[in-house]
Amino acid sequence: MSSEVRFSLANKQQLIAQFLKVRQHSEIYCQPLEIEDYGLQAIADTSPVKWHLAHTSWFFETFILKTTEINFIPFNKHYEYLFNSYYNGVGEQFLRAKRSLLSRPTVKEVYEYRANINTRIVKLIESFDQVPDEVASLLILGINHEQQHQELFFTDLLYNWYQNPLLPSYQAQTADKINQGRSPQIAPIKWIAYPEQMTTLGVNNTDKFFVFDNETPQHKVYLQAFEIADRLVTNADFLQFIEANGYVSSDYWLSDGWTTVKSNGWKCPLYWFKRDGDWYQYGLNGVQPLNLGAPVSHVSAYEADAFARWSNARLPTEAEWEHVASKFEIKGNFVESGRLQTEKNEQPLEVKQLYGDVWEWTSTAYGPHPGFNPAKGAVGEYNGKFMCNQQVLKGGSCVTSSEHIRSSYRNFFYPDARWQFSGIRLARDL
Amino acid sequence: MSSEVRFSLANKQQLIAQFLKVRQHSEIYCQPLEIEDYGLQAIADTSPVKWHLAHTSWFFETFILKTTEINFIPFNKHYEYLFNSYYNGVGEQFLRAKRSLLSRPTVKEVYEYRANINTRIVKLIESFDQVPDEVASLLILGINHEQQHQELFFTDLLYNWYQNPLLPSYQAQTADKINQGRSPQIAPIKWIAYPEQMTTLGVNNTDKFFVFDNETPQHKVYLQAFEIADRLVTNADFLQFIEANGYVSSDYWLSDGWTTVKSNGWKCPLYWFKRDGDWYQYGLNGVQPLNLGAPVSHVSAYEADAFARWSNARLPTEAEWEHVASKFEIKGNFVESGRLQTEKNEQPLEVKQLYGDVWEWTSTAYGPHPGFNPAKGAVGEYNGKFMCNQQVLKGGSCVTSSEHIRSSYRNFFYPDARWQFSGIRLARDL
Amino acid sequence: MSSEVRFSLANKQQLIAQFLKVRQHSEIYCQPLEIEDYGLQAIADTSPVKWHLAHTSWFFETFILKTTEINFIPFNKHYEYLFNSYYNGVGEQFLRAKRSLLSRPTVKEVYEYRANINTRIVKLIESFDQVPDEVASLLILGINHEQQHQELFFTDLLYNWYQNPLLPSYQAQTADKINQGRSPQIAPIKWIAYPEQMTTLGVNNTDKFFVFDNETPQHKVYLQAFEIADRLVTNADFLQFIEANGYVSSDYWLSDGWTTVKSNGWKCPLYWFKRDGDWYQYGLNGVQPLNLGAPVSHVSAYEADAFARWSNARLPTEAEWEHVASKFEIKGNFVESGRLQTEKNEQPLEVKQLYGDVWEWTSTAYGPHPGFNPAKGAVGEYNGKFMCNQQVLKGGSCVTSSEHIRSSYRNFFYPDARWQFSGIRLARDL
Amino acid sequence: MSSEVRFSLANKQQLIAQFLKVRQHSEIYCQPLEIEDYGLQAIADTSPVKWHLAHTSWFFETFILKTTEINFIPFNKHYEYLFNSYYNGVGEQFLRAKRSLLSRPTVKEVYEYRANINTRIVKLIESFDQVPDEVASLLILGINHEQQHQELFFTDLLYNWYQNPLLPSYQAQTADKINQGRSPQIAPIKWIAYPEQMTTLGVNNTDKFFVFDNETPQHKVYLQAFEIADRLVTNADFLQFIEANGYVSSDYWLSDGWTTVKSNGWKCPLYWFKRDGDWYQYGLNGVQPLNLGAPVSHVSAYEADAFARWSNARLPTEAEWEHVASKFEIKGNFVESGRLQTEKNEQPLEVKQLYGDVWEWTSTAYGPHPGFNPAKGAVGEYNGKFMCNQQVLKGGSCVTSSEHIRSSYRNFFYPDARWQFSGIRLARDL
């Protein structure tokens, strides 16, 4: 459902079912964890699992129960402060970088919090003859919000575990995965050309589909002629860049990118390492030989840009990407596959891997679509206030829910971010 | 001349005259300084005057003399390292933040360096029957480069002096300026509407006019309908924002902007201060009562954006601004006026102050125009490698040369920069 | 036993009993904890509980089993790296500040590690007819080392919990404690005079008593005449300093101390806070009204020095303190009392509270006693390499084991440290 | 005169002569400088020359003229703030790290300030029939203070110039100096033994000799038996330490020292560098081949301690050093020699080089002598408030005035400081 729910007409039971399904998934994803794993936070960006579980509950409590429930009493009066992420309109927040210091509430207490919120939300929805538009809208926003945190659950956990020399594995490696780890490089990129034209981008916020406010409104854009790669850049491709001294020479790099490379000592994508002359990659399936045919992942926008420049190409603009992708069905390697890593291209499509595998860096700075208006109140802080210094990524990754993605979807990260499943598709001027 | 020179046909004497004129201006601007003033550098961004004088000479020496002069011998073999700003293609650079530590070469020696380069450039140009295109092109680039550093001379000097409680003044305050300091607020903003339309932006690099590579190529853009303010935001306007707790409430701020405000303790534009209940502004004319009718200056993109949001408006996009400005003549309060500060609007134009007074922050992230290609070699690092994390500003300021500006000109700074003469023009969706 | 064991003659069963008793205490102290509490580390100084439990086991494994056990196999080959604190002679160490990122090994696995080491140590000791001196010596060192970490267990846990607005409590507050929280200020300080004289300080490392190497050798010192306070400085005393603007005026402060006060915004001892006009103190018994009659705790050497200066007194030198304390029996408020906080003075002694309650800052920089020689090998890094920039504290605290302390005992911390139970005794020249 | 003046009986003309002589020397030392050199400040510690010239004048103005002159008017009302170093009792201070940003007052204005203060001080002294003790005392303190800043003039200038790849030279290298630069290693250290004994250290503040307050009072100390090296550690000695991997292995280092070495990447003393396999040293005479027979200089206390440990020795305590040195005449390589660098030992003494060449690191933390009382008022901040975290150095250096030193003189720096002429003498337990 999710992105297809017509929420103004929403069948209550359908809403409740979707709510409970997504809420349950957050907990299912935690099953392989030890209690000790719930508290890790290596950097401010990578929040503890426990915090994700609590914050997503806080979202429903704050934006729905607090304003709608009769005789609302908070589950715990401290949680408003502890589990508010960044909503200044709601109030002060516990310091982001210190979330790992909250040993209390315990994991058990957070699960109790979740159960309590679930019960109350279901009761609230059931209490309506007709779910008010605003409640339905916020509920669906909360569901989508929780799906985003499910993705962060995986990316944050991976980064946090990576600090531990024991390199924990989220799931056992199957023979299939190990074999895939040895897949060879695949066929060269084919370039698919698009003539110059007017196109429309973004979507309007109707009652038919859920979209985030930052995807709105639909608007006209003029595209210059361009061509786009028919597949993602692979680990094998990226290895060539490394072996051609891509990280050694400043020639291909943006100035800020080169400064970042030098000050962090980057020599390869995050999670890659070389042992006895062979390259390996750490991931949710543990340590594996570098999978040559699979899309490269965990690169920053700087690395993506440098690779593109070295390839005599460039990154696509958001408009180019969205124009291309809007013509394709949403199929790909998503979290539902259970693989939790990129895989080599096997789609029989003209342009492959647009959805899933990795978020694709675009050259477009994250800003408002023409005519953009954020929602009123604190919930309006969801997307709009981040429209500076970040770059747009498109298409979802191997830890995104397939229900959660669409061509207009706008993900955004600072250009130096590497802990997401972020990769590269090339484009060129015609 | 500068932006109007047809350099392929350039008359040698014309080229030499323009070269010498601009070179001389750099030295004229230094006349009020004490030797001690030449070495100041408060932050990495604000280079010492002496360094500007040497670096602009190094530019001609490196990009023209070194490749063209027969039996080239560097003026001083250490200067290539000391006065290279950021050209990795030329070699390593002395650390930017430490430029103030170069007491040697002395000011006198740097003036000797300048004289030497001037003589050799003139001799070189005179040695040609017909100045080769590439040499002419680099010479004009060097002239424009020096003009940019003349602007930085003023903005860096002001920032560096500002650290000194004695608050030195670059020039004596005339009665005129003091009176102007008491000019009242001016008429409210009028909004000028533009319908949706296709337009062309950027310029092509022809042999008729000099432009920087980042202004090219000319390309088509689709504009949504919008309206733009007929004048700049004034100090009086901005004071209202302050008095309405603009710096106290997070409501109007981008997330990164709010973080910046908090961590720097910003409470007003740079160089403003309050004494005994009255507002003053420090500038190149010393300390003056806040000039209510003059455009606000020395605000970051964050402050510009927050002010716009508080005004139920937004910043213009670069495309909107350029579309509007391309229809107006280049007239305004530039360095040639000798005022060296913003002044109240007195232009009898439908849209006033587009040129001069302050660089106008746009909402557009600095990136390549579609089809952009940087120049080959080290000189290609001039603009292209900075196309990330910065924001476009348009129109020139009261310390820009009027010869140096045009509607396609793209200035760029990080959104937290305040030491330029940067201000605000509002726009709105229609 | 501990400090009284004659280890060369040590009865094996006595050694084993003492070993197991101390090892068991580390685990008993953890009983009130949730699993989530074991991983907290707010700053590099305050290691996670789990790390303390593992590191103390690593100490026995590395310094005894590894060198003595036949066919030694490490419990886990990664632990040598993960749980080495600072012994460069053993090898590289996992970064101290990142210990909280080790969710694995789990708490359960660390307890298994502890049990394994216990079994092997007991088996090893039992395998000897006569325990070799070196083994006995290292075993007793390891036992004393574990007692030190038991103290750190309490002080680190308290600091780590303090970051959490929920302010967890280690144990329930008894009525007794709450009443004590209201104990009034006690009688004024009496000054006890000591004439100038030769004295001996330190101890020799004989086979009769265990001492740390930094307490050796015994040596002669000449003392000037002085007088010493008969009791510790109380919370009531320190409150007067605060109310006399002690933290506001630079007059009483060492230069480095004043810089520290300003940059940290210190306004009172660590864990004090004011609510609705009343002072409270957070501690292992939770939040309590400030106990006026109890010794002030959690002050830095800077605060101790400033308080002393404000009192027209000074801190005692280590020699003065040790000379005085060596004449008194070791009795006081130690961890065995179960109070885990300072208490008001009720000792019928001429000089009270020399032992227990708080570590007493001296004015003596931590350095080697004349003739000091650290042990050979990596274990020689235990104390000697820290003899710079730190200050000596004497007498033990309310979370020290009474078995662990003596007048020659030298504790040492940087002068800005506040997370230990550190307090103040005054002295004066005569 | 200086340290020998009986100031209560001081002949006015003698006082004035000494004042003018020392004041003049500050200016003589500046003669080789360019105006640009006066403003350099590479780090907070190394103040600009201009600031030293002004601050020493401020000292006389603030502590003598302001309290004694009739109808005192400050030379410039801003100077109290700008040129106060660290006297909180006088008022707030301009931020130390930003002194290089004061291009105004100019060098010329500062010399005018100096002249003005000189005139007024002379006039004031001449106005007395009998110079009051307090004025005489402060005048002599000011004279000694200025001598200290003359030493800092040299050490700060050298450090500031060192940042410039042009490596300016303060004076031309004479053939003599260049030859000396090739002097070979000298005879091995001989050890001079001292039996255990009572001794007296420090001095009492009588009217016979000027001493700083931190040298008082005289007090009894018990010395253990020890032996001390008959000469300083040479560059050749220290080179052996480097070649024995002294900077590579943690074995010899204090923990804080090792951290400092690693984080700063130290591989040799400050100002040493290797070029084409040969060692050179930069100094006030420019770049020279490493002078093997001369004392090593510009090492931190950490390096001194590590070298001593590697040599199976230790640093002397302050008491040991002072006990030894008090028996020797004050002769050595001081600023008056004009060499401005260390030289090889040619003294026909049992213990050589105790005075001059380099300040000798002791193992003694800088603290108060027993019974120490700082002066009343702001001038009491001169020494006392620094008695923490620093280490005592003894004996003066090649840029100290010979009039300024004595065996009781206590210099103090943080153990990581290297920009002073600081070196090493070894000691051992007997």
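Chains: A, B, C and D, in written order; residue numbering restarts at 1 for each.
Going forward, contacts are C-beta pairs under 8 Å (C-beta built on N, C-alpha and C of every residue); 3 or more make two chains touch, one makes a residue touch a chain.
None of the values given here were measured: they were computed from a predicted structure.
Identification of common neighbours of chain A and chain B yields an empty set. The most distant chain from chain C, with centres taken as the mean of CA atoms, is B. One simple way to say how far apart two chains are is to compare their mean CA positions; for chain C and chain D this gives 38 Å. Centre-to-centre spacing of chain B and chain C amounts to 60 Å, using the average Cα coordinate of each chain. For this pair, chain A with chain C, the centres built from the Cα atoms lie 47 Å apart.
Touching pairs of chains, sorted by label, consist of A-B, A-C, B-D, C-D.
Across the complex, chain B is touched by residues 34-40, 42, 50, 78, 81-82, 94, 98, 100-107, 160-161, 163-166, 168 of chain D.
The part of chain B that touches chain A in the complex is made up of residues 86, 88-89, 196, 198, 219-222, 224, 250-251, 253-258, 301-302, 305, 314, 363-365, 367-368, 370-371, 381, 385-389, 415, 429.
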